[in-house]
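Paired with chain B in one complex and with chain C in the other, chain A is shared by the two complexes that follow.
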Partner chain A sequence: MSFTSVQFVVFLLLVATSYFLTPKRYRWVTLLIANYIFYFFAGPRYFIYLLATTITIYFAAVKLGDMSAKNKADFAAAKADLDKEQKKNWKANFTKRKRRVLIPAMLFNLGILAVLKYSTFVGSNLNALFERLSLGIEMPIHSFLLPLGISFYTFQSVAYLIDVYREKYEPERNLAKLALFISFFPQIVQGPIGRYNDLAEQLYRPNSFSFEKAKFGVQLMLWGAFKKLIIADRAKVIVDMVFGYPETFGGTYVAVAAFVYCIQLYGDFSGGIDIATGAAQVLGIQLEKNFLRPYLATSIPDFWRRWHISLGAWFRDYVFYPLSLSKFFMKVGKKGRQVLGNYIGKLLPVLIPQFIIFFLIGIWHGAEWKYIAFGFYNGTLIVLGILFDQPLKKLIEKLHIRTDCFSWHLFQVLRTFILVALGKIITRAPGVSASAYLMHSMVKNWNTEVLMNGGLLKLGLDTQDLWVLLFASLVLLTISLLQESGVQIREALSKQNLLFRWIIYLAAIFLLIMFGVYGLNYNASDFIYRGF
Partner chain B sequence: MKGCFKIVTRCVAFFVVFSMIFSNTSDYLRRPDDESDEIHAFYDESKDSIDVLFMGSSPILRGVSPMVMWEQEGFTSYIRASALQAPVVTYGLLGESLEYQSPELVVLSCDNIFQAYDYVEREGDLRRGLDGMKLSKYKFQIVSEVTAADDRQTLLSYMFPLFRYHERWKEIDWAEAKPIPLMEHSFKKGNVYLRGGEPQAYPENFMEPSGTPAPAFDEDTKGYMEKTIQLCKDKNIPVLVLHLPKMSWSYEQSLAMEEFAKEMGVDYLDCDQEEIRSQLNLDPAVDYYDQGHMNLIGSIKLSQWFGNYLDGIYDLPDHKNEEAYQSWNEDYQEYAQRTKPES
Partner chain C sequence: METLLKILAELRPDVDFEENKELVDSGELDSFDIVSLVGELCEAYEIEIGAEDIIPENFNSVEAIMALVVKLQED
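So, the complex of A and B:
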């Protein structure tokens, strides 16, 4: 059930009506039933994976909770008789025992994800390697269809389990309630990846109907649909044309397509997130922010703090910190200081985990070499940024460049955008060599004439569609700039007179109906991030 | 409570404004089409004022003139036919029509019973009969059938055609654009006549036994034909299955149709059977638009004969001097004026 389909609107309407008509005590049950119906529509045979994750995470978390409770009681009783060393050993032993529960549960769930998502990639690459080495071995390869939202609900569940392991909160002892947290329908498709302490309480409490919240939710859904149907799906035509025929469209066309692909990806992904957030808001539930105007970022780390925020935060909390603060990397840092000097050595426990994180983010996006290359590209930029941060600051000072002015800020934004767009070429091209070919062609055959002599009309959109894309993208930019300067659009709109508000609402609805890319004459496209 | 009332009132008001703009926008983006206009101007006819309903495809649409029959016999009729009308649309349109009218007779064309209907290929023809239909259980039934057979289409795009035509904003010159609502009243009563055409000649051995077996009925089309006839039977309305002149028709098809009508317990009239052809006295060089359709001259000639035939067999009422039917006389004046031979 696509977020931009009428079925979804009708589904949401039915869910909201049933939810608010259900006695308060049982509202969360209505929501759970709705989640499972939604997931059932996506493919009943994938249900088993969702159930397997729910059940294993539930039992592992409850076991961890029980262990922690028992350990607390035992420790309190024995504490007085223990010296410092014994206390330390007690703690270490307990951690070991907890890990015996945590690690198998994590491996099981991440293993399902890995097998479904990466087995074809790993198998085909191993087979290629065996062939090259003339080993005469051929591994059987099975390709699986990915269950809807598996990356998202697996990460969300694993985060919950780790938090219970870390004793950040008590485990949920009601299986059905945990099932609700793992399967909340607006976010299961493409995130944001929710945290138990933010989301669960909102899901379990009996939310009352709020006209204001419902109105804001619908407005956000409309805005999301605008980004998806008017911008992203129109931009897709150009992107598919150029990246589909790299030999035909070189030079400036590649730059145009990379630029347009940035718009498409943002419109598509953030549009989907807006619809998800809006749908949740109708039910009185606030999801986490997943985007913060990423193309206004002033550096690559800043971009990653604004793009797919929940994924970045997940990797930061559950991979980066544990790695960076691990004993191993502490030792690496110490050794590094001896060998490479204080400056670089001190940074090593940050740089290597950063690189690992971006490698993981790369493969999270897909089981292909191009995503690994994308991860390395971003990892390299981040590492270089950290390494050259101080020297560059000194250089800027020496050259007397002012950094507290608009022009410097603009330069930073444009520089970051160009670096991001180059990265997008890697992920959108059919493969790593194709992306290298496209980048080479972009530099070698640069010819800005195509922008003026009607060359853009070769990219699949007619003049009217190009104007719509341009105008809609400018609307998106304007809204982003207003939000960046602190204006809260929906709140500001709600303060206007009724007539003005209605004009805006009706204009938005009819713009969507008229200029939305849907129906037979257009190839309706699915949300890009739904595939992850 | 007061707050709740305010919210509901606002929502209703917003929905009303939205519906008005939606309807207006639909009228701007609608493709103008005389067949759709004629078929749906039916709603303007007074309740229970139609004596004969014609259902089916283009031979009836082009070949039968209700106004000629009115002038000559005084009974009222309306054509709810369109080119290559899908059997499911004929069924749905008749079901809907019988909610508004209680006719003395329903005439059904049968030419398409030998063909399977391709919903994907024939979307345009489907929409002629469907897009302007008012929302009803019959429309829903048709759309469900069509969307089940053609998964590229959605229920919404048929129930509200704006969702299908939305990208027509590109074709419209907005400086001169104006809404094109469906025609409200038809003086032709559903007939869409054609002027001129190419002189035709009957094929060699036309309507003579060929010795080959009759082609098989398409099962789906036949099924809908049976359902359509059953709809009339349920309301005790007599049915005449009609075949109008068409040069690709055959003796074997005619026999098969006759057999079908007999099985269904309804009347059958084949205008290509020799006896009827001689009574009609059509001149293929003058009266045909093409091999399958009458032109205006042919339709007038055919309707004069046919009106007389229907009146004779079914004893239809004559309303010509009734006060309630004066608008029909006015419509006839308009028709006569418009159908004058071009100088």
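So, the complex of A and C:
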């Protein structure tokens, strides 16, 4: 059931009606049933994976909760007789015992994800290696279809389990309630990856109908549909054309396609997130922010703080910090200071885990070499940015370049956007060598004249569609700039007169119907991030 | 407290640590700063700070950081 389909609108309407008509005590049950009906539509055979995750995470978390409660009581009783060293040993022993529960549960769930997502990639690469070494071995390769939202719900569940392990909160002792947290239908498709302490309470409490929230929710859904149907799906035509025929469209066309692909990806992903957030808001639930105008970022780290925020935060909290603060990397830092000096040595516990994170973010996007290359590209940019941060600051000072003015800010934004767009070529091209070919062609055959001589019309869109794309993108940019400067669009709109507000709403609906891209065979899989 | 203020001033001389009470929430300290800061704190106060301690509430102000240090010293 695609977020942009009529079925989804009807489904949401039915869910909202049933939810608010259900007696308050059982509203969460209605929500759980709605989640499972939604998931059932995606393919009943995938239920087994969702159930396996729910059950294993539930039992592991409850076990961890029981262990922590018992340990607290035992420790409180014994504390007075223990010296500092004994207390330390007690803590270490207990951590070891908890890990015996945490690690198998994590391996099981991340293992399912890894097998379903990466077995074909690993198998075919190993077979290629065996063939090259003439070993005469061939591994059987199975291709699996990915269950809906498996990356998202697995990450959300594992985060919950780690937080219980860290004793951040008590485990949920009602299996059905945990099932609700893991399967909330607006966000299971493509995130945002929710945190238990933010989301669960909102799902379990009986939300009352709020006209204000429902109105804001519907507005956000319309805005998301605008980004997806009017911008992203139109931009897709140009992107598919150029990246589909790299020999025909080299040179400047590659730059155009990379630029348009940035718009497509943002419209597609953030549009989907807006629809999800809006749908949740109708039910009185506020999801986490997943985007903060990423193309207005002033550096690559800033971009990653604004793009797919919930995934970045997940990797920061559950991979980056544990790695950076591990005894191993602390030792690496100490050794590094002795060998490489204070500056580099101090940075090592940050730089190496940072590189690992981007490798993981790369492969999270897909089991292909190009995603690994994308991870390394971003990791390298970030590491270089950190290493040259101080020398560059000194150089800027020496050259007396003003950094507190608009032109410098604009330069930073444009520089970041170009670096991001180059990275997008890596992920959108059919493979690593194709992206190298495209980048080479872009530089070698650069010729802006082709664009002036009607070249843009060769990219699959007619003049009207090009104007619609341009105009809609400018609307998106204007809104983004307004939001960046602190204007709250929906709040500002709600202060306008009734007539003006309705003109805006009707115009938005009219534009969506008139200019939304609806083709034959259009379905939910068209959301790019749904495939991750 | 003096040692802590000295560590923080060396780490980020551009930040007013005594005034800012939302160091993490406002984005003033990022994850790189936190890792560097934790390294310094562990060395200076002979404590162990784990990933489970890295929550905004523990790093939003000098007072919160000091409270974390004291808590870990007592543990």
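One rule holds in what follows: the second predicted complex is superposed on the first by the 525 of 532 C-alpha atoms of A that agree within 3 Å, B and C clash if a C-alpha of one lies under 4 Å from a C-alpha of the other, contacts with A are read in each partner's own complex, and residues count from 1 in each chain.
Keep this in mind: contacts are C-beta pairs under 8 Å (C-beta built on N, C-alpha and C of every residue); 3 or more make two chains touch, one makes a residue touch a chain.
In this text, all values refer to a predicted model and were calculated from it rather than measured experimentally.
After overlaying the two complexes on the shared chain, residue contacts for A:293 are found with neither chain B nor chain C. Looking at the shared chain after the overlay, A:349 reaches chain C, while chain B stays out of its contact range.
Of the two partner chains placed around the shared chain by superposition, chain B is the only one that A:505 touches, whereas chain C remains out of contact.
Using the contact criterion defined above for the overlaid structures, shared-chain residue A:167 touches chain C, although it does not reach chain B.
When the shared chain is aligned, chain C comes close enough to touch A:333, but chain B does not. In the superposition on chain A, A:301 contacts chain C only, with no contact to chain B. Contacts of A:91 after superposition: chain C is touched, whereas chain B is not reached. Shared-chain residue A:321: touches chain C; no touch with chain B.
Residues of chain B touching chain A in their complex: 7, 14, 17-18, 21-22, 25, 152-154, 156-157, 162-164, 166-167, 169-170.
Those residues of chain C lying in contact with chain A across their complex are 27, 30-32, 34-36, 38-39, 42, 49-52, 54-55, 75. Those residues of chain A lying in contact with chain C across their complex are 87, 91, 166-168, 301, 305, 316-318, 320-322, 324-325, 330, 333, 346, 349-350, 386.
By the touch criterion stated above, chain A contacts chain B in their complex at residues 6, 211, 462, 464-465, 502, 505-506, 509-510, 513-516, 518-522.
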